[in-house]
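We just call them A, B, C, D and E in the order they show up, numbering each chain from 1.
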Amino acid sequence: MINADFIVDVGISHYLILSAILFSLGMIGVLLRKNAIVMLMSIELMLNAVNLSFITFSKYNSHIDGQIMVFFVMTIAAAEAAVGLALIVSIFKRYKEVNIRFFEHLKG
Amino acid sequence: MTADAFLFWFLALITIGGASLVILMKNPIYSALALVFTMCGIAALFVTLDAFFVAGVQIIVYAGAVMVLFVMVLMLFDLKHEVEAFSKGRITGAIKLATAGLLAGLVMGAIFYSSTAVDTVITKQLAAASGDPSKQLGMRLFTQHIFAFEALGILLLVVAVGAVALARSKGGTHHDQR
Amino acid sequence: MILSTLIFLPVLFAIVIALWPQKSTIRPIALGFSIAHFIFGLTLFREFDPNIADLQLVEKYMWMERFGIQYFLGIDGISFWLIQLTVFLAPLILLASWKSIDKNIRGFHICFFILQTAMLGTFLAFDAILFYVFWELSLIPMYFMIGIWGGARRIYATLKFFIFTMAGSLLMLVAIIYMMFLTQQAFGTMSSSLLDFYKLSIPFIGHEFFSMQTLLFFAFALAFAVKVPLFPLHTWLPDAHVEAPTPGSVVLAGVMLKMGTYCYLRWVLPLFPEATEYWAWIFIMLGVIGIIYGALVAMVQPDIKKLVAYSSVSHMGYIIVGIFVFNHLSLQGSLYQMLNHGISTGALFILIGMLYERTHSREIKHYGGLASALPIYTIFFFIVTFSSIAVPLTNGFVGEFLILLGTYKAIPMAAIFSVTGVVLGAAYMLWMCKRVFFGEKGPLVADAHHPLVDLNAREIVILVPFVIMIFIMGLFPNVFLKWSEASVDYLIKNKANYELTIKGAK
Amino acid sequence: MNFTANMGDLLLITPMIALFIASLIPITIKVLKGNVEQKPIATLAQALLGIVAAAGFLIVFGGSGKTAFNDVLIFDGITQWMGLIALSAAAGSMILMYENPSTRGVQFSELVFLSLSSILGMMILISALDLLMIFIGLELMSLSLYLMIGMSHEQRLAKESAFKYFVLGSFASAIFLYGISFVFGSSGQTNILKLLEVTMNLIQSNQMFLFGMILIVVGFCFKVSIAPFHAWTPDVYQGAPTPHTAFMATAVKVVSFAAFLRIIATRPLIASDNLFEVLQWLAVITMIVGNTAAILQNNVKRMLAYSSIAHSGYLLIGVITAGISDNGTIGASSVIFYLFAYSLMTIGSFALVSMMEKTEDHSLEVGDLAGFAKKRPILALSFAVFMFSLAGLPPSLGFFSKFYLFNAAIGEGLIWLAIWGVLNSVISVYYYLRPVVMMYMHEGESDVASANHFATAITIVVTAILTLLLGVVSGPLLTLVESSLI
Amino acid sequence: MDHTAIVSVLFASPLLGFLINGIRRNHHSANVAGAIGSLAVFISFVCSILLWIDLQGMAPDARRIHVVYGSWMAIESLKIDFGFWIDQLSSLMILIITGVGFLIHLFSVGYMSHDKGVAKYFSYLNFFIFNMLVLVLGDSLVTLFVGWEGVGLASYLLIGFWFTDGEKAAAGMKAFIVNRIGDAAFLIGMFIFFVSFGTLNIQELNSMAPTIMESTWFGIVTLGTLFLFGGATGKSAQIPLYIWLPDAMAGPTPVSALIHAATMVTAGVYMIVRLNPLFIAAPNTMMVIAVIGALTVVLAASIGIAQNDIKKVLAYSTVSQLGYMFLACGVGAFTTAFFHLMTHAFFKALMFLGSGSVIHGMEGEQDIRKMGGLKKYLPWTHLTFMMGWLAIIGTPGFSGFFSKDEILWMSFHSPRGHWALWVLGVIGATMTAFYMTRLMCLTFWGKSRVAKTLHPHESPATMLIPLFVLAALSVVGGYVGIPHIISEILPGHPANILEHWFQPIIKTVPGLVAGDPAMEWGLMGASVALALISTILAYQLYVKNPSAIERFTQKINPIYQLVSKKYLVDELYFGFIVNPIVRLSENLWAYIDVRFIDKCTYWAGDLMKGSGSFVRSLQNGNLQTYAMYIGIGLVVALSLVMMR
């Protein structure tokens, strides 16, 4: 699989695989990092991976809608980040802590 | 190796490296910085995909605004005492890694299996409409997607008002509001 | 409109009672209502024609057009007496509750009347969904009756009762829906009318369990088996009876158990003739086991009420055997036994309730020598006991005799095993009577501080109708059997493709 | 492609416009009054007025089957009915917000603004015909919700639940978006109508498209809390202020199911047998998870949360039915009806929970209900009606809605799902009866909170009466729903 | 008066007596209650006589009165009427019942005069008479069964009359339950006949009885009659169900006389005689009946030897005598069986009443070891009791002699008989003579062992009159059925009236031929001689030489103990049947109900709760775990869909 052609002929698959890897890395971040802020960053990472995938498809479909999607996604991602950070700030004020290990009062 | 290919591999390296650092760095500030790298890399990748406008927005919105917000908050908290970065549990950790890995694997599998189909899609499509992609984007945005655009505006309004309200709420940053 | 009125009058009563301003007059008002209801029920004797097997006094309106669900009521010989039983017991039950229910009287009467509606509806509904609604509705007031006015372990008992019976009947809902689609296939329009169900011919492959008719058969049969209750699904019954207040026990034993056996006759046998025939042995076997098992276990119960509860298992076993043997004698016997059981077990529960009101104990070992302390009570108790153990010239004998005779006709071994129930029945009842009424005075009876008071006028008024019915039904069974004769005859003769016609609709 | 916003389109979106305007009124007044709250009752009235107006517009203009704004929005039967259900549920929840200790008073205008924005998001979601619009609607609804929960006067659990909801919600959004990207990539479309034309081929031949669809489905499964994507539900429902829980359990669930239905009911998807098989198993697992976990709960809200998960399982049966039937109307109408019934019962139940919360951080345990029937017979009876109805006992609305759902499922041959459904109903009886047992069969001194809860009480009684009586006359209602879907 | 009216009065008067005494039981004096009760039975007696006279006036083949009050049950082919059938057999039977019944009522007036519940007592007795009449007159097996159970019920009530004594109540219960076992068999017998013959009417059954013999064991008639006989063993206290009768002596003594000696216990015999054509058609059944009868004779007689309670002795004697009746039935001598039934009714009622008089005089003492020499105190009782004694031991010329001798002869001579049956019968007769003499000796003769404080006194006239009447009947009652060979040597050759009377309705066993008179005389002589020897032996042992018997019992103590403890049959029954059933029931309850079925439901509940707590443990509050579930769900769903 890994051969010269694979390295030289960069095509849609490469971009998609890259985006998949980024998405998975983001997912790992969400799953494993304890710091709530880093978790938010990981989510941003996942959204970026999605953006990359959109742009790739947009390019190969020659369809501008992909870019429009990305435009929207970015905006919403920014909004999400704002909301998330606002929440984290208010939580930090209450708990003095952003380690999600301490947010386990609701369970069972 | 063509320049395109080289550029791709180089940027791929940066983004994957940056992303890895985001999730590996113990100090959240470093993570944030790594994320900035990743985002810039992705913006560059956008450029390789001829999406110049979006690439610009990516830099401005993400690497600029959003990351600044993150760093601001991090600075605000001034967290020093975080000793462990990762949640405990070997088994769950392994499962989590395996899950993410499997997901990536599945995506790759799907991509490989459907590469022919993707190719047909690509060939089938007409060449991009001539003209400035940014203009084209703008046209599309304000005709086809005008409603979405308006909705997005409302969303931003909501987030703005909401974030303020949250901050002023009980337990928020302004205790005096009680 | 007579049937609708019969069914929904109690709801009206319940509403009136809910809004009645004075708490003190609720009891007499409710009693008056129930007597009025009973008298209204008597009009059926005029309106109902016992000489034809048709469905009578039909009320049929489209309820939900989309699914062909109708508001469809009717009465025939099979349900006739059960209706009468239901309305007959009501005033007696309310009288019996006069002293034993001492909290939340309003709520109790509301529950009671809604229960009446549900039970009557179950007996009269001829539309599957309407039937199911009434069938399940009957659980709720009973649940409250046991749970609010019951004994110490009432919550356990009431939950057990509720979950057992509900678990049984839910598969029936699936089966009903499935049959509605079968009607759609067969007749083009969906319908949940029982008469349309009767017209279906559901494919049956004997040796395959997973054939359509067999599965539908079991889905229905299970629901009713829990209610009856058939061994081994009976364990809710003793608990429910022991914890239920007297009126609850009487309704439960008197009418609610009959819903199960009635529905076998109304829903299972005519709908799934082949499956019934093929699988009847299971039910006959379980019925026989129930007869013997119920009697044996009843024998060793330390609690009088539990003893009577297990005796119900035994008695209901006879009814099941009679139904699944499926010949004329046994079916008539089963119908008769349903009434008998309603009356004699109902009376037993009322009697036990009266005793409990006096001593607050149902432990057999606390008693002894009661006969000399409460002579009138003893006389009534013994008359009812003899009815329960089927001494000739009481009602119990006629039912058991007909069932056993019919059973012997079809399956001699089943009858021979069932007959042991006759012996064991005498054994557990008389042994209990011996320990409670005879011998040395037990601790509760001899208690000088609380001398026992014999029955008062109210209690005698409650019991006399039971005793009268016991003897009337024992001496003149023909009077009763006549009303169900045509329907049973028709059912037997047309068992392969049973269809009911509506009177006057030919 | 060439687009101009014409009057017709604007008429169609009048409900949204009404909501938007209504959402701005209280907050504007607050701003104009110099950051001073007007009387909460006025705020509530303005909000309810907006909702009523939206409902009115929806009745008048919606339901015609017309599309708007170049086919990104559609106003058909699903939109209309689901919209009405969501709006009424939201109105009910807002009445609760008005009187609940953790939401009333300070910042009520902001809360109303956010709620109405959330409802606006819902309106977009149910009428969206474009994956992008679905996403935006979803985000608008969710972001408002996160903020609403975060604003609760209760400081500990509400913040935690808001954060959990936020992180998991964003996580699911990312997955959802990823799915959209694949669908877009393999078909070149995001519009559902246009997707329909190509789906049949793609789903057979193109793994990527199927992949994308699964990711989208998973995104929805998260929103409607299908196991194993349900884990947020109990925590968030418990931690959030009760009115918000009611809001989430009813309105949010209704609109999420509406959008889910729209996606699934694009029949070509059945070309993938496996997808439907997986969905069926998800339904079964969800029912089991919801019901078994609910048995052990002592917190009423948490119990209701698990029960809500279980109901999602039942609803998924209906959604699957709609997906595989030749005309999806039977399944869809049964889902709509079920959602209607479920919303009614749930609003009522949460209203009672809300009434019994003495302070903002008081959480209601089942044991706290002991002896309630003696103190408040009518409220207790209403709650019992809700419980029996949720358990699916006739003659309540809950029974009939379950009947329609199972009827539809059996009609499409999904008998085994129906059997699972009824078996789970048995399990559910156990925990639904526990509060009833407590209220009626235990001695106790429980009572509603002393504060004035008039509006909430009215809500409870009205929903209880409707729950009890609507079932019996629900036949024509269902026919009406069904006829509007064709 | 037409027959319906007479029959109505016949039934109505004991029923009314029952109701009046029952309802007004607290408002009567003892004498009024006794008068009402006795009068009621007397009226019935008069009616019986009237009916009998009416029958006399009819042609011998048409002597039947059928009274139908209406239909009881009529379903499909099952048609049961409230119909009553009076013919030679039943008319005679009701004469015995009402006649002896009346005497016993009369006796009771005196005997029960001191009891509080005397009105209740008389109401029960009347209830019994009513049911007995139903039993006897019923024209179908079901009607017969009504009476059959009714008398059992009355017996239950009367045995447990003094219910404050737990043992007495237990005895009543035992009687009813043991009877119920028989009744269950009876029911099955009925079912068999109904299913094969389509009717339960006795006359129809008799007329349908096959003329050919059924030689198999599993023929319809054989099985049916065997089950009916099973019913009879319960009611008439035969092996294996005789155990209730000795306990039944717990009731008042007149009750023992009426129910447990004269009438109810003979119902089984009556039923077999009634259905004689059916039984004749089943030789195997008859063989079983004969064998069981003969065995019961010996077994009960042997137990009787070692009993010390005056009533127990009489009770075992009753069982033994009933055995004779069944022996007679079994060998096809139905007339003789009925003859013995009648004579037994007289002398056993007499002896029970006599014992009642003794107990009355001894103020409740029943142990014969504490009596002796009562002749002095109770002369009239002694005299009448002696008549009974002479009759039961078969003194020639007394009633018992005729009937018993006929049975023994038939058991030897009949084609269904066997010499072994005769031997058993004779052994029984010998033992009877022994224990009856022993009873006489210990009670009336010899030295007095009465406690010093006790002053035995003779009974009042109301009690003595019945004794006289019954004594007279015991003496002369046998002359209605004088055997042929005896009548030949008697002056005037009196005919066997009974045989003649029954001739139209009682069939004879096919193959019965006239016997050899010499043989008959020889056997008769042998049995009488043996009885005489044992009488003398008993007299010697118990009056002349009491120490010898003590030494003798010492020597064979284990056997003596065994016999005096009734061969431990009760213990065996309890040990091997009753207790195991009770234990089984307890285990069924404990294991099947509580530990299995309930446990299963709990398991189901626990399964639910277990899976619930599993789900709860998954819900650990950590949002990353939740995200992991989403990831896992996603991956699994993807894999399932993609990897097909």
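Assume contacts are C-beta pairs under 8 Å (C-beta built on N, C-alpha and C of every residue); 3 or more make two chains touch, one makes a residue touch a chain.
Being a predicted model, the structure only gives us computed values, none of them experimental.
A.B. asks: Counting one step per pair of touching chains, how few steps separate chain B from chain D?
C.D. replies: 1
A.B. asks: Supply the minimal count of touching-chain steps required to go from chain A to chain E.
C.D. replies: The fewest touching-chain steps linking chain A to chain E number 1.
A.B. asks: Among the chains, which one keeps its Cα centre farthest from the Cα centre of chain A?
C.D. replies: Between chain A and every other chain, the largest centroid distance is to E.
A.B. asks: Which chain, with its centre taken as the mean C-alpha position, is closest to the global C-alpha centre?
C.D. replies: So the chain sitting closest to the middle is C.
A.B. asks: Two chains share more C-beta contact pairs than any other pair here; which two are they?
C.D. replies: A-B
A.B. asks: So which chain is farthest from chain C, going by the mean of the CA atoms in each chain?
C.D. replies: B
A.B. asks: With chain centres defined as C-alpha means, what is the inter-centre distance between chain A and chain C in Å?
C.D. replies: The answer is 66 Å.
A.B. asks: Any idea how many Å lie between the Cα centroids of chain A and chain B?
C.D. replies: From the centre of chain A to the centre of chain B is 5 Å.
A.B. asks: Using Cα averages as centroids, what's the distance between chain B and chain C in whole Å?
C.D. replies: 70
A.B. asks: Between chain B and chain E, tell me the centre distance in angstrom, where each centre is the average of that chain's C-alpha atoms.
C.D. replies: 102
A.B. asks: Can you tell me which residues of chain D touch two or more of the remaining chains?
C.D. replies: 132, 136, 139, 143, 147, 150, 155, 159, 163-164, 167, 171, 182, 185, 188, 207, 210-211, 234-235, 296, 430
A.B. asks: Out of chain C, which residues touch more than one other chain, so two or more?
C.D. replies: Residues of chain C never touch two or more of the other chains.
A.B. asks: For chain A, which residues are shared contacts with two or more other chains?
C.D. replies: Only 16, 23, 26-27, 30-32, 40, 56, 60-61, 63, 65, 68, 72, 76, 79, 83, 86-88, 90, 94, 100-101, 103, 105-108 qualify.
A.B. asks: Return all touching chain pairs.
C.D. replies: A-B, A-D, A-E, B-D, B-E, C-D, C-E, D-E
A.B. asks: Hey, which residues of chain D end up touching chain A in the complex?
C.D. replies: 132, 135-136, 139, 143, 146-147, 150, 155-157, 159-164, 166-167, 170-171, 173-174, 177-178, 180-182, 184-185, 188, 190, 234-236, 238-239, 296-297, 302
A.B. asks: Can you name the residues of chain A that touch chain B in the complex?
C.D. replies: 7-10, 12-18, 20-29, 31-35, 37-38, 40-42, 44-45, 48, 51-52, 55-56, 58-65, 67-68, 70-72, 74-79, 81-83, 85-90, 92-94, 98-101
A.B. asks: Per the contact definition, I'd like the list of chain C residues that touch chain D in the complex.
C.D. replies: Its residues touching chain D are 63-67, 69, 104, 107, 129, 132-134, 136-137, 139-140, 143-144, 147-148, 154-155, 158-159, 162-163, 166-167, 170-171, 173-174, 177-178, 180-181.
A.B. asks: Under the definition above, what is the set of chain A residues touching chain D in their complex?
C.D. replies: Spelled out, the residues of chain A in touch with chain D are 16, 23, 26-27, 30, 36, 39-40, 43, 46-47, 49-50, 53-54, 56-57, 60-61, 63, 65-66, 68-69, 72-73, 76, 79-80, 83-84, 86-88, 90-91, 94-95, 100, 103, 105-108.
A.B. asks: Would you pull the chain E residues touching chain C in the complex into a rising list?
C.D. replies: 71-76, 78, 142, 145-146, 149-150, 153, 156, 160, 163-166, 168-170, 172-173, 176-177, 180-181, 183-184, 187-188, 190-192, 194-195, 581-582, 584-586, 588-589, 592-593, 597-598, 601
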